[in-house]
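We call the chains A, B, C and D, going by the order they appear; numbering starts again at 1 in every chain.
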């Protein structure tokens, strides 16, 4: 799609800024207990043509593969094109880069993607059960249940395609890929990190509620009302 | 109720002090694992007429909306009147300010209010089940069960009214608003934060006790005795 | 029993040392997640007559009442006699001091006492179920089950008596007081803190094991063998 | 097997380097919540004949017995031969050294060993149930279920033998010793620590998944495919 192998001159500042942001946002993943060891990754889109908006020539900034969280710096982040090919960086990109890139290619409204194996969200994913919307904070953030995506093996576009197909038919910014874990999206990387934090929070709270009985459902019109109000205040 | 739009001269010191206290107390919420991201808020009443006691001209100091916990400073706190209208501050007040303000308007004995979505308390709230008083520390602090408040949507006075109506008929300084989460009150913000910490602690411990059987009940006269002793030693 | 109201000259160094140790050991309670807010307390015996051994003239050093963990210093610790009466210190002793003092009066081999409301241990206490010995580390440390003590109200010697009567007929250094929480003992305060850490660890691990089935029992002769070996290596 | 009682001259640098690595890797155990107090230990093999490869004259570097995690330094680590006899160090080696040494004697491909009592893995061990492979990250790292080893008492070679016999018939780098806890192996100590972190993560996540139903199985050929891909990228 793109043949660039270096960061174009006019994007140097935007890439440098994204490196700083993406490195800082990775620190939020262990901070909120979403990852162990080197698992998990955050990426952000860098729009190649700010006037024309998101497009196939965009770049993405992501974590390198197999690096521990306490050694992540802006300089160690890597830059790829939207085919997932390395454009700039000393190390290999995260092995999940292809899934991130697929999302950016097919969802122009998405500016950030996060993947974790956070414990409770992954437990729902192992059972392939969507998380029901029984909390007001979940209505605010997700506008309904958190859906399950298909079982997909790493190595081609199946994970990316599963994410996109599932999220297109949902208001949720999070999908639980079957037997795998959550992927979240947002207008930028920060919003996607927030969705990763929140999906684990609702996965845990509703799991615990279900351990001793049945949560009261919230009627759909109340969910809609909460979601509309919250999204109008904070945007997404 | 009040038409003030600036902090009156004679309250400048009290407001400055409350800003320091409320900012510091917010740090207790992530410290004890009660909040994620920007959720949760602490407020404190500033009495307008120290001789006459609490009244409708009082102010409240609260967290601004959507600010992360590691960037909270005394200066970033906002001041509102008891209608929830902004009096001083660079940012919007927390979207829960109306509920805090309602409590201060209707419960003059309350000097501090805290709201979180702490995990175990919120799980009880999702099932709309009060937490039974089966621990001596719970008898000390709550004097009985932690009650459930009504399901109420944000946007008008229904949350505030639900808090006040529920707490008026209970010794508990905490109420679990249905499908939403806990609100706590106290003589000042610190006491309300303590109640927020303790309600999560008893919600978690009693949840865990119930997972493998049935806790032994404590007789009502023993609960009364523990509560009376504790409140006489520490006040509330 | 003792009429001293000041620390005798010949014990000044020992008391100063115990203040340092007890203050430092309190930091272990939040570090291992055993306490919230100001709950929990550690004490250590100061032997009045080092030649004659433990006796009724001994002192104890303990945490003052209602002080938060991040403000504890050697200077803020308080000194009491074995009736629980304040001998030295600016604040009231912990409200659990009478229970600590009772243990020191009746168990001369005990040099340290710890009390917490640690979550999982307290959950077993709420059900009044002893923790069964199904882990090798539990055989090492406890030599069998962790027993349940009676339900006792604060205010007289009933808590202390319940601790002593239960521990005298057990190898366990920990007792779960009914609907209340664990008390642990040791040759010194550090050993009692270790027992407090370990009782929560086995309470949690065995709770989790029981959630999905039944742990395999360990035969009594194997428990005895593990306990004897461990206690001969490390003492108690 | 070996009669050396001092570190041979030609291994001084390698031992010094291993001391630094093993001390640093111990900090990962409390960091990821795998240990309390002084429990748990990490060791690394030092090959005596780098040209000839692993052999009976190798040494191992391990944690001393009963030392707290915040006081571990390279200097405080101890060096033993592969019979578990102390070669260099001021303190006794960990009481689990015999089990580590047995593994190095019988599995030349192993360069690092870790032992913990991490909570969820130990809970599976208490029930003597292998952890089923129902997560893609588990297929990546373990290539199948995590097996249960025999019940074995400390004091002779039974723990070591149980580890080796179980791991030889498995792709998993982790074994759950019955009623005891996990032992993990790796090409070096860092890889064994990673396996210790990951076995707790999958033990916890799959425990939680099972609490509310049944995880979907992953077909064996998909497990094989994930395992082969992951091991070819990262090695083991």
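Just so we're on the same page, a residue touches a chain if its C-beta (ideal position, glycine included) is under 8 Å from a C-beta of that chain, and two chains touch if they have at least 3 such contacts.
A quick note: this is a predicted structure, and the numbers were derived from the prediction, not measured.
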(request) Kindly list the shared contact partners of chain C and chain D, in label order. (result) none
(request) Determine whether chain A and chain B, two copies of the same sequence, contact each other through the same residue numbers or different ones, counting it as same when over half of the numbers at the interface appear on both sides. (result) different
(request) Name the chain whose C-alpha centroid is most distant from the C-alpha centroid of chain C. (result) A
(request) Could you grab the centroid distance between chain B and chain C? Build each centroid from C-alpha atoms only and quote it in angstrom. (result) 33
(request) Starting from the mean Cα coordinates of chain A and chain C, work out the distance between those two points in Å. (result) 47
(message) Which positions in chain C are in touch with at least two other chains?
(response) 211
(request) Chain touch graph shape: choose line, ring, star, complete or other and state it. (result) ring
(request) Could you please write down every pair of chains that are in touch? (result) A-B, A-D, B-C, C-D
(message) Quick check on the complex: what are the chain D residues that touch chain A?
(response) 32, 134-137, 194, 197-198, 201, 204-206, 208-209, 211-216, 218, 222, 225-226, 229, 233-234
(request) Enumerate the contact residues on chain C facing chain B in the complex. (result) 36-37, 39, 66, 95, 117, 119-120, 122-124, 126-129, 151, 153-155, 178-181, 207, 210-211
